Amino acid sequence: MNRLDNWGERVTRRLAGRLSRRSALSRLGALLVAAPAFPLLPVQRARAADSAAHAQKGTDFSRAAQTHDDTACNYWRYCGIDGNLCSCCGGSTHSCPPGSQPSPTSWIGSCINPDDQRAYLIAYRDCCGANECNQCSCLNTDHAMPIYRPQANNHIIWCFGTQSFEYHCSMAVLVGLAE
Amino acid sequence: MNRLDNWGERVTRRLAGRLSRRSALSRLGALLVAAPAFPLLPVQRARAADSAAHAQKGTDFSRAAQTHDDTACNYWRYCGIDGNLCSCCGGSTHSCPPGSQPSPTSWIGSCINPDDQRAYLIAYRDCCGANECNQCSCLNTDHAMPIYRPQANNHIIWCFGTQSFEYHCSMAVLVGLAE
Amino acid sequence: MKRIAHEANKAALGVAALSMLVATGLGTAACAAGAAAPPVLQSETAGVTPFAGLTAHDVAYSGMDGITDGGVRIVNGDTGGLVASVYSSQYANFAWAPDGKTLYISETYWALGNRGTREDVLSIYGGPTLANEGEITLPGRLISDPKTHSFTLSADGHYAYNYSFQPAPAVTVVDLRARKVIDSVEIPGCGLVFPFGQRGFASLCADGSLAVSDANAQGKYAVHRTKRFFDVMTDPVMDESIGDPSSGLALFITYDGWVHPVHLADSPKFDKPWSIEQAAGLSPATSHVGQITWRPGGQVPAAYERSRERLFVLMHEGPPWSFEKAGTEIWVLDARTHRLLHRWAVPESAYLVAVTQDAHPLLIALSHTWLWVMNPESGAVLRATQIVTPGLVGVRGE
Amino acid sequence: MKRIAHEANKAALGVAALSMLVATGLGTAACAAGAAAPPVLQSETAGVTPFAGLTAHDVAYSGMDGITDGGVRIVNGDTGGLVASVYSSQYANFAWAPDGKTLYISETYWALGNRGTREDVLSIYGGPTLANEGEITLPGRLISDPKTHSFTLSADGHYAYNYSFQPAPAVTVVDLRARKVIDSVEIPGCGLVFPFGQRGFASLCADGSLAVSDANAQGKYAVHRTKRFFDVMTDPVMDESIGDPSSGLALFITYDGWVHPVHLADSPKFDKPWSIEQAAGLSPATSHVGQITWRPGGQVPAAYERSRERLFVLMHEGPPWSFEKAGTEIWVLDARTHRLLHRWAVPESAYLVAVTQDAHPLLIALSHTWLWVMNPESGAVLRATQIVTPGLVGVRGE
């Protein structure tokens, strides 16, 4: 379990910070196992969204996004969230409500912050263990991929590595620049 | 399990039909076990409702009840039903929908048939095993008793004796005259 | 998760291909950032919001079986916001330790959801993140629509009393400090649990009496019956009556609105019953067909503010046997003087009522979709929060 | 139930007291019956309504995880009435045997609801009352919002293919006649199952190709990849595309409305893609920001009528990346000529669509609360039924 701890977020942060790419990749490999042709790296996901053009043009979501209310579906980080906002459930964009646990795994999106027009990597991490929160249910699908591209898929219950697959809510943890 | 089969309904029917009272009672005793002062007999329940006066005056429910549509909450037999009508779930007043099982246990009410102004004993038997049906949810509480008088209580999940306590729907099985 | 360890060796595969893509990606994107842009947002670490315990103004409620998910949810009465949620099975009940830090859930599981091995457990949640701290196996439970008095604690939080009906009625006594079941007390013909004193509890009986169970010096329980104090066939006492484990006071409320105050003890003291309707200057309600009048009703129709001895009752206008109908008003009654103090309208009909036990209490009313926080003195609705369909409700220090 | 056998000996207790009450009860009540009253209603015996199998006009749907209970419910399309319900866990998927008599459910349980030992099973329901006929243990499953192609059968019903993701992707092959797992096929970088032939299945891959898995004479599976036939990053193929196990035809539909017909086989044949929008005389949809146009979308946005090769697609007007938005219209397309035949409005937005496979087909649209039965030729809404929030939908012979 320790090996998995925070892999999605930590690995991606390292990549984003251009640290020790090799070690990060081998760590990621530990999860992506059995996936020799799995070109699903979170960072590749960001690249594939064609970050440069993307950051200039935005998406239909980002054009209407805001940066002040993280309990609303159009908060900028939620460009690819599917589920209940942890911010409405007793948690925050990067904190699980008491009674649930953050999953060390996540899927990764990239969202544009309207304040600086930059694209950031966002780790959509599920909080697991408590019954579904049922508050602030949002479904944003910017650059969301089908389930056969799991790292960019928001339908999977991302509770691998926790004690429970009971879905409670979803966070949008800021990882770093997607640039 | 065999000992329990249909106890509520069979026993009550026997009592109602004035057959072999002693054998019926000892059968009932097998369930009422450990309840030496449990004066909860279904028939006593009917008596206690003061059947004579009851059959003449009716209740607020019976005054508005009808006898032609068993998928409506005001069908005469449903004077004490709490839950989903099996008649709306693929079953009938005395048949469970496929995928569920009738519980051999039940609680007993007495309802007045507006057509003949007679009070009948009704066995409210739950169908168990399938997820809650969620159709035609009714809550009628004529002479319903608190949970410490279980045989006349409609809050208990009456799935004793089936393979599952998953509540699906409730039937209103006609047992006989309450007279 | 089973496969991860096994397959970790294959990690080397694919890394070459991946790193090329990554390198390209980083290179492309790096050009995009404007040179004079505002400071870059800092990265975050994910965690769990700390839980300091149920506050005086928090309201905990469970989800209603069959209508919504189970679980216990905590709403902050001062903000209307959700504070925390804890998992539970269907047909669960819950109780808080007196300090509000530990949550006990009485619940039942089957190995394959609706079938397979049954397990009745008392689950314990607590610590800084309200995490699961293990389970105590119970010998049985009642499976029914939720009942406040099917699972309760002694006033000091030392013992839990779990009502079981399978279908023989019994109360399982759990020592919460030792975390083990210490007795199973059969209460034939009776049900529910109203704790009193150190280790005593009373149960309502089908003949209109109480069963009083108490432990001797050796910790062994004996049960005896009181007199019959209500007529169960004409006007039974509601399951959802009031019990106060700390004082041993019970206010048993009948379908027709009679309040029977009982001072629970080995020899309970029965005060004279009084009528809620009479307290309001009306004739008492009766079970006569066609009598439409104000009656108590709902799912959890009464709450009691201990310090000021105030009784809050959900009332509706209806015929006899309408004791599960939602309340359109909350009547505030002085349980000492048996007088009506206020009649507060609720925004929509409410099924549950609660009141916090602190010096500045909040009155809480719940429908199937809303939780309203009200001022018990003025009846003003302070805030409203959307909720999942509630089963039971509890506040700190109840 | 545990206590009943144990306590049966005590049966004698209380019988004396009871029989007195009973005697009184019967005596009193006997006087009440009027002498000249109409014939007394006959007593009834309770049973279970027989189940003859899924009919050609029946629609089976599962409950949406997290919003409602699980379970598979069968609605008669000719009446709108509920026919039967079968229990399932959350995150379940289901498939019917070709004769419509046996229902297979792929599901996952934990011993204590949200925790404890995990069990992945293929549960079997059938017989005259659609009762549980046992389970086959699976090595793993995908836990996600429901996906039609995560659990499918071979056309002859001999094999079940269960997609597993934990998080290594694999397909478990189950011999349904022998009721045992016979293989677990790893499909790295790919997902889902589109069966073809006797024992073959294809999966969609993250690089835009297919993985084709087929068994050799010894029953051992080998996997190979096809060419890349779509650009996954700019316009991916939807999970909820069309697969027809009996012909091996797949219609892979992209976010922007391109239909890629593929004849599945060990060497699949890829037909030229065509555009749903172009079939309607519109420009093709693109992923350009701000392009509001008609696009496919929803939860199960497409259905295929085999005999007449008609494709029914839920369409809405929206921007790029709106592929989960509910459809306001159902477009009826001839999959042979790639021409739009009809555009039918749905009463409210619909998330799922289905079509029955008989000679007089019914078109079915589902919102989160309604199931509409429509005439596929006229677009007329024949009937509407209230439902619980649906997850997946299936008809006989799919």
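For clarity, chains are labelled A, B, C and D in written order, and residue numbers in each chain start from 1.
The rule is simple: contacts are C-beta pairs under 8 Å (C-beta built on N, C-alpha and C of every residue); 3 or more make two chains touch, one makes a residue touch a chain.
No experiment lies behind these values; they were computed from the predicted model shown.
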| item | value |
| --- | --- |
| Intersection of contact partners for subunit A and subunit B | C, D |
| A-D against B-D, pair bridged by the larger set of C-beta contacts | B-D |
| Where subunit A and subunit D are represented by their mean Cα positions, the distance between them in whole Å | 29 |
| Whole-Å gap between the CA centroids of subunit A and subunit C | 35 |
| Interface hub residues of subunit B, defined as touching at least two other chains | 31, 33-39, 48, 129-132, 134, 160, 163-164, 166 |
| Shared-contact residues (touching 2 or more other chains) in subunit D | 1, 3-4, 7, 66, 69, 87-88, 113-115, 132, 166-168 |
| Complex contact set, residues of subunit D against subunit A | 65-66, 91, 108, 110, 113-115, 118, 142-145, 147, 150, 165-170, 186, 188-192, 203-207, 225, 232-233, 236-239, 289-290, 319-324 |
| In the complex with subunit D, residue positions of subunit A that touch it | 31, 33-40, 48-49, 57-61, 63, 82, 105, 129-132, 134, 139, 141-150, 153, 155-157, 159-160, 163-167 |
| Subunit A-facing residues of subunit C, complex | 1, 3-4, 7-8, 10-15, 17-19, 21-26, 28-34, 37-38, 40-51, 63, 68-71, 74, 81-88, 125, 129-132, 386, 388 |
| In the complex with subunit C, residue positions of subunit A that touch it | 3-4, 6, 9, 13, 15-16, 18, 21-22, 25-26, 28-39, 41, 43-44, 46-48, 50-52, 54-56, 88-102, 113, 115-120, 123, 125, 127, 129-135, 160-161, 163-164, 166, 168, 171, 173-179 |
| Residues on subunit C engaged by subunit D in the complex (per definition of touch) | 1-4, 7, 66, 69, 87-89, 107, 109, 111-117, 119, 121, 123, 132, 135, 139-140, 166-168 |
